[in-house]
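Structures for review follow.
In the two complexes below, subunit A is the common chain; its partner is subunit B in one and subunit C in the other.
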Partner chain A sequence: MANPFEKRASEYRRDDEAFLPLVTPDPLITFFKKHADDGKLYDQLSVIIGAPGSGKTTIARLYQYSTLKTLLRHESQINFKPLVDTLTQCGAIKDRQPILLGGRVPLESEYRDFWEFPYPDDLKCKLMFALIQSRTILSWISNLTNTGVELDQISIVPRGDAVAALAAIGGIGGRDLFHKARAIEEQIYSISAALLPPAIGDIDDEAAAAYHPFDVIEHFEITVDGNTKVLRPLVIFDDAHNLHPEQFTAFREWLARRELKISRWVLTRMDALSPEDVLLAQSEGNTTRPGLKDARELNVIWMQSQDDRFGKRKAFRKMAKGMATRYLRQMDVFSRRGISDLADFIGTQPDMISPSKLETLAGSIDTIQQKNGISDKRRKTLEAQISEYLSGTGHESKDVALAILSILFHRYLNRVPQKGLFDDQEDDVEPNRPLTVDGGIADGAKVRLLHDFDRPYYYNIDALCDASSENAEQFLHLASTLVTQAETQLIREKPASLSSRDQNRLLRKKAGEIYRGWDFPHNREVKLLAEGIAKQCVAKSLEGNASLGGGAGAGAFGILQEEFDQIPKKYEELARVLKFGAAYNAFVLVQNHSTKNRMWCQIELCGVLRVHFGLSQTRGGFLERKTDDLLSLLKQN
Partner chain B sequence: MNQDLALRVMSDIMQWDDDESRKEFRWLKLMARLKYDGYRDFQAGMRFTESLATWLQQFDQEERKDAYRFVKERMVYVGPGEVRRLVEQFFPNTIRQRIVQTVASNLGIKPYTVLTNPDAAAAIKRLSRQTLVLGLSDGARMDIVRHANVGRLSNEQLVLAPQIDTEKWKDLLKNLREDLEDPDALFKIIYLVDDFAGTGTSFLRYKEKDKKWSGKLNRFRTSLFNAISDPEVGNIVAPDWQLCAHHYMATANAKDKMIASENTARKDMKHKNWPEEVHLSFAMVFDEKLPISASTDDAFTALANKYYDPVIETKHTAVGGVKHLGMGYGGCALPIVLEHNTPNNSVALLWAETNGETKDGVTPPAMRPLFRRRQRHV
Partner chain C sequence: MRWDQCIAHFGQEVAEFAQDYFAAENRKILLIAGAGFDPRSTLVAQCLVDAGTALDAVLIKEIRPKPRQNLRDLAEGNKSDLEELLQNSKVIEIEIFGTDNAVVGGRNAVKALHDLNYGDFTDVVVDISALSIGTSFPAIRYLTERIDAGLKPGNLHVFVTHNPSLDTAITHIPSDAPGYIHGFRGGTSLDSSSKAAKLWLPQLVPGRRPALNALHSYVEPHDTCPIVPFPAANPRQVDILAEEYIVELESAWSVDTRNLVYADESNPLDLYRTILSLHELRQRVFQDIGGSLMVLSPLGSKIMAIGALLAAMERNLPVAYLEAIGYDMVIGPMQGDAEQKLVHLWLEGDAYPQPRPKLKSNGSTKNDLK
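Right after this comes the complex of A and B.
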């Protein structure tokens, strides 16, 4: 079969049976459980915001009633148990039965077309809302009938105060609801699909105006053989970014009304939000949530939020490994040989640089020592420190030891007074601060070895996960190149294992392809910004003393938070570029980062860019910059 | 042979390293699944990748790269999806246009006004029924034409046979007259349809030796005249009838030749029952640079000459005017494969299969096909 790593989007899986084995429960725990525990997930309007590939549609599809029924039908399969447990914790399943009637309604371009009609906004909204509600009813009912429930076995329980509106939606019976919804859909579709928009006077908007099933329905009931089951309706609007910005705002305000009893989710990319919403939504001082001023009405779930980044990275690694296992199981070449884990063939042992390169490196360090009169005694002390550190990590390698020594030499020289022309060159001087070896320096040394000697830096499963910036699709794209290589080797009757050199080469090549393949709005400007940031970070990382947190951690620009907060107001274009950069995984905006007693916003390069430009995956380090620096990078356009 | 084994064999034959293998496996798997495995002559267990591995082995190691590059970069495979598109476009893009133009011209109105003119609408309906479509070979895909045009063309307007016997003509005429409720109705437009023209000689050629025209057009003419001269049939076509020939695909060279031949033949074919001109149309014409040439494809041209068995030359192939078939019938040098058969105008290395038997003390190489051709003339 085709490599499933290259076929990520859940829309491409036609059957639930093919879709479910690929779903991993971890995102639900990470992003949804907290909101379910708070009781907000199903009571308030939930706006779920994520970049392409973050798993929005997968979750939408999973929550559909028919999918949950399929899942529970195959529950005995060992692989589905964690998913069932997680959905139970998230309040979608109770006592091994779905308690939600989930229906997914994709908001495709057809709805946007309403906004182009030459009608007053009020009428456009009325028509769109009626169409959306009719399709939601049809989606709920088809979810039920797809699982074998007859129309006559379906009914709704209306809200007590909605007697008049009840008649307009067809009544409480499933059959009546269905036919009314179908009639409303046809009526409005004939307007939206017309070659020329009908004159306002020709539109019979009365029926549509009175059609408010969302205001009427409290819950659904299914009665089979005298047993009645109650289901809470949940509508999931997918791809809401397709709507016109004004339309999106009206849509959100309409759904946010407190009196609605149905659960409603809106899934969208960041495209639909204003630059201000994207740039400042997660800023501490900002109480405004996207689009609506009163945050109490809205439950926003960011699928790439910046709180507990360490925890999220850890959780993503676990999820990604689980996902890779599920995908690998689908590939005969691997399953025949009992390989079900990426770690089975992704080597963790680094390849050292060649002896001739090692000699060159050693020579350059000797030159530094001689040129600056560093004593042999000092060198031996430093080498002992390095050896002690490396033996503690369990990864002793000559090349890294030498590269660390080079960094320590530079640091030593910065911490001792400059020698005079007639001073004794062999005198050993104590530095004004002690030199220590830590993970940061070792990481900096490895980055330098990558640039200077092409020593593999990006290898092993954790590096692969980190390069994905917590984005499932990105992870699968990157993993696909390694999986395809391993598959090729197996086909050629060779071991599947990939050396660190192969992994590093393949991942960097793939990262370059992803970077060059960007085609989202403002991608040229985002590239300019990314490239500018990356170049300066690389230069900083390669400084002799690896000054920034070991030197490798520089993968971001830091702008003072108060200055960054002004960007949406003062620099519209820059704000737009940053918005799309964040929306499409180029940048991660880390707000309110405290360093040197000041608050910063980091514009951090995503994992793919770091791999492409050769930067460390260690996060946290940044170059202090100003808004003008960002503007000057864009001016090169 | 399973696919993995075939791929491994390929990597051995081509001596690819892991990186090349990864890249090429990806391409092979994709193209085999998407297109080439659908070739009608392939059998289970011996589809594209397996055939390619076998085909490449006839070449010396250093020549295999050139042969493989030819398959990857120069070969044009026309699959069922593409053929279907071309066939489905036949009525709306070609027949319908002619009908509308004819009616508009007869009524003296602009073609774009016919839909709003009741007389034109009625005339279009009548003329549509007076149109007859004759498939000249299996490649005319009359089954698809029929399915794609339900409600526009009736079954009685679609015939697969270039030479229709008198009985069939009688039958066609009877159905036409019944449908139109007009005992004197005659056909006004006849379309001859074929899939592919490589040289154009199958359609129309002049036999110098016999000093007469030959080909499918001429055979149709004979069939028509025989029927008309039969007192039981009589007139089949109206005095102002139009004869059209439509090819789904043609090379640029074939198109030019056919237009020239048709022009030349007009004088010789002149007859009261024959129209003054035959309207030629082509759904797709391959670029004139498509044929392989020594200047741009020197390596593969050398292979085509080196791996050549003259036993594939027959009296039928000689009609094309080029004896050596290395570059295909008529020396067309086409790199084309059609999903149901490989044209003999394509380079022989693609389709020829021989045993390499010694003849006159010379043992030629045995030719192995990549896309075996089903020969029409044995």
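Right after this comes the complex of A and C.
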């Protein structure tokens, strides 16, 4: 049986019946419900921005009319109730019936080609808009006919002020609309597909120029057996980042017009936005959105916004676990044995380091103690503190206890005056600030054990979720390696469970593969920045006293916000690299983060990079840096 | 089949044919070749010059963002060698990517070729050894359609230097934007094709898994029949590929083991005939239930790519491709040409009886070509 984790299964499940069991409703609640409640989701142009793998296309497919019909048809057979309820809350379904006629139109490179034509911009736009509208009509009609509706049962209700333009779109009947749309599509396709674009004088653009169904249609009606159902048309333009930036702007302005009655969504990666838009507008709280600033006309939905990060991480963990369960159910090897949860075979107990390594660690700590004249009494006090902390966590482990002791020794030495040559080395001196043991120090100790003794650090389901940086595709890629290993073990009649050591090894290997496999624009420069940041963060994390919130939290560079805000204006290349880094999940830009009474922008490494380079998944810690530091990392190119 | 009886020469036969044909006094040849880092850039030109051919040349330099310095040096060296070898030559720079990283190379190549004057030439020779697929396919299609429309030049030849080990040594750094090669969209995006059963024929190549996976996601085929080289210089090549692509074959693409397409690595016409046979069979099966659509993805050796090109031109098949944003090469310049095998195909011209079987329309009007 194929491992659906290998490739995001929702991408290649052609049938809605196979696709729907893989869809989890949580992203709709997280990203869409608020906008549906505001009434903006269907009234204004909604621009939905997300990294690859954030679930844009899944949502687009879910909102198609034929998918909604399939969902409702099987509602009672399969457990689709949560999905139906969520779509009802989001205004796509009412009284167990779709009220939207959703049609997805992928904006592939074909549309970008129009920008290469040797024609004036307005003609290029005119041709592209006509092609887009004809394909939208065809998509709406296809969604209806796929659910058994006949062409003659379909009609539109035109806007009152659009009677004159009605003839140019074929009329109000479904059949006429369909044939006109096909004719327009083929007419424009013959121009765009040609090896050489025809001379401007040879283009018959009159039909295309008059073809404006978006300006004509108020809503659709389906009449079956005398019953008429009204549907509000929704067009979902997917992959709009394929358009040329100028083309994207024209396209967006064209769709943002208030007089349009149809609902329209544009789904795009950040590629389509200017560096300024990406770098300065990721926070929904930020009202200055250059390029996207006309907020009254646009409803912008960021699928990776930096608001409520804690809540989003928690929500993602829940969603990812649900998604993994749905995927595991597709695999006979697991379902035959009643394994439906990743947690069933992903162990949570850490493997300790080997006795010989433990001895080496203990020896190194004895050396620190002796070399610096730390009294046995002080050591016992610290050991008691550590023991108390670890017993409270329920994870008592000798290697972690020793590593924490090492950190506490270093901190102790920083907090007592340096001893003179003739001082009694056994004297115990009180530190100027009390030493405490907390989760940060324990985390720092575990990171050090990972680097020094290869003790597993990345294991259990939460670590897997956190390594995914709230990206569904990233989660599936990482999980695939664990699932494949467990599957192999089952096939060999061994238990499926994976030790923490296996998980750590497999996840780090996979993270390395993902990192090396980056192929997005400017990936070389993004790698330079990422590696530079990671190396300095690793060095900081491995400092003896594990400073910076326990030492493990260093996974980012922090630039003063006012300095960061200047990057798009002053450093075009750096801005572009940061934009693509953020767009493709290499970095997370955490804006307006308050520390030491100043505002910072954190350039935070994504989970996969942290796993690859051996950094903590704890967020928040950063190294204070300047723009020049980023530039110098890029100069190594 | 338009090219079933295509005149082809292999290895030593190529030099003999060049002496007999191209060196004739009444021949006026225009050579179109790549002037890139590929060590094979100069071999065909050298062969024609050695044969005593009167040549004009257009050297296409493909410009990609931020090439590695070693490749830039190699390209410069090859360009100088070619300019020295070919007295009447000019270099045309073709931007492969637009400012927004969109692939525009094919369109630019056709535009550049359209601007040339073919009136003085009896034959055009396209050497695709150092040209990328995204450039050479539209270029050859443009020239073929010109001749098909009765325009000059009268004869079209394609040359390629076959060297599988060198192909392996060149690493492609893929862009992230799969698409159809310019002029090879084959009506895929039309509503009339939306119900067609889509079969994808990717050419399996070592080290191109990410690119082929990106193409699979892009094409979204109903079925996949990977093309593997057999017979091949390395008889175990199919096993090696099966091992590398095991996850795709078993899981992501769900390929039935009976669905592998075997094609002779050294003869482009073998793959051409196989694709056309498949096309015929599927047309009959699917004609009443939405039709059949075959999508090609020739990522491997140039020889097999020519086979795919001929089939795509004849039946207007779409060609999905992932353009390389850059290259890397793990070996230095070639030590000699012992491994090189020249292949020549006479695609159009005096050798064939008229009228020829028609090319399936690409949507372009013949007037555009004038």
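List of remarks:
Operating definition for what follows: the second predicted complex is superposed on the first by the 622 of 637 C-alpha atoms of A that agree within 3 Å, B and C clash if a C-alpha of one lies under 4 Å from a C-alpha of the other, contacts with A are read in each partner's own complex, and residues count from 1 in each chain.
The rule is short, and it goes like this: a residue touches a chain if its C-beta (ideal position, glycine included) is under 8 Å from a C-beta of that chain, and two chains touch if they have at least 3 such contacts.
In this text, all values refer to a predicted model and were calculated from it rather than measured experimentally.
Partners subunit B and subunit C clash in the overlay (superposition on subunit A).
By the touch criterion defined above, A:521 lies against subunit C but remains apart from subunit B after alignment on the C-alpha atoms of chain A.
When both complexes are overlaid on chain A, the residue A:431 reaches neither subunit B nor subunit C.
Looking at the superposed arrangement, the partner reaching more residues of subunit A, out of subunit B and subunit C, is C. Of the two partner chains placed by superposition, only subunit C is touched by A:245; subunit B is not. In the superposition on chain A, A:488 contacts subunit B only, with no contact to subunit C.
In the superposition on chain A, A:171 makes contact with neither subunit B nor subunit C. When both complexes are overlaid on chain A, the residue A:512 reaches neither subunit B nor subunit C.
Clashing C-alpha atoms with subunit B after superposition occur in a single stretch of subunit C, namely 149-157 (options considered: 41-49, 95-103 or 149-157). In the superposition on chain A, the residues of subunit A contacted by subunit B and by subunit C overlap at 2. By the touch criterion stated above, subunit A contacts subunit B in their complex at residues 2, 333, 484-485, 487-489, 491-494, 502. Those residues of subunit C whose C-beta lies close enough to touch subunit A in the complex are 66, 98, 100-104, 107, 110-111, 114, 138, 141-142, 145, 173-177, 179-180, 182-183, 185, 187, 189-192, 194, 210, 213-214, 217, 220, 222, 247, 250-252, 254, 325, 362-365, 367-369.
For subunit A in complex with subunit C, the touching residues are 2-4, 6-7, 11-12, 14, 108-110, 112-113, 115-116, 135, 138, 142, 181-182, 185-186, 189-190, 193-199, 202, 242, 244-245, 271, 517, 519-521, 524. Interface residues of subunit B, counted against subunit A in their complex, comprise 4, 7-8, 11, 18-19, 21-22, 25-26, 29, 33.
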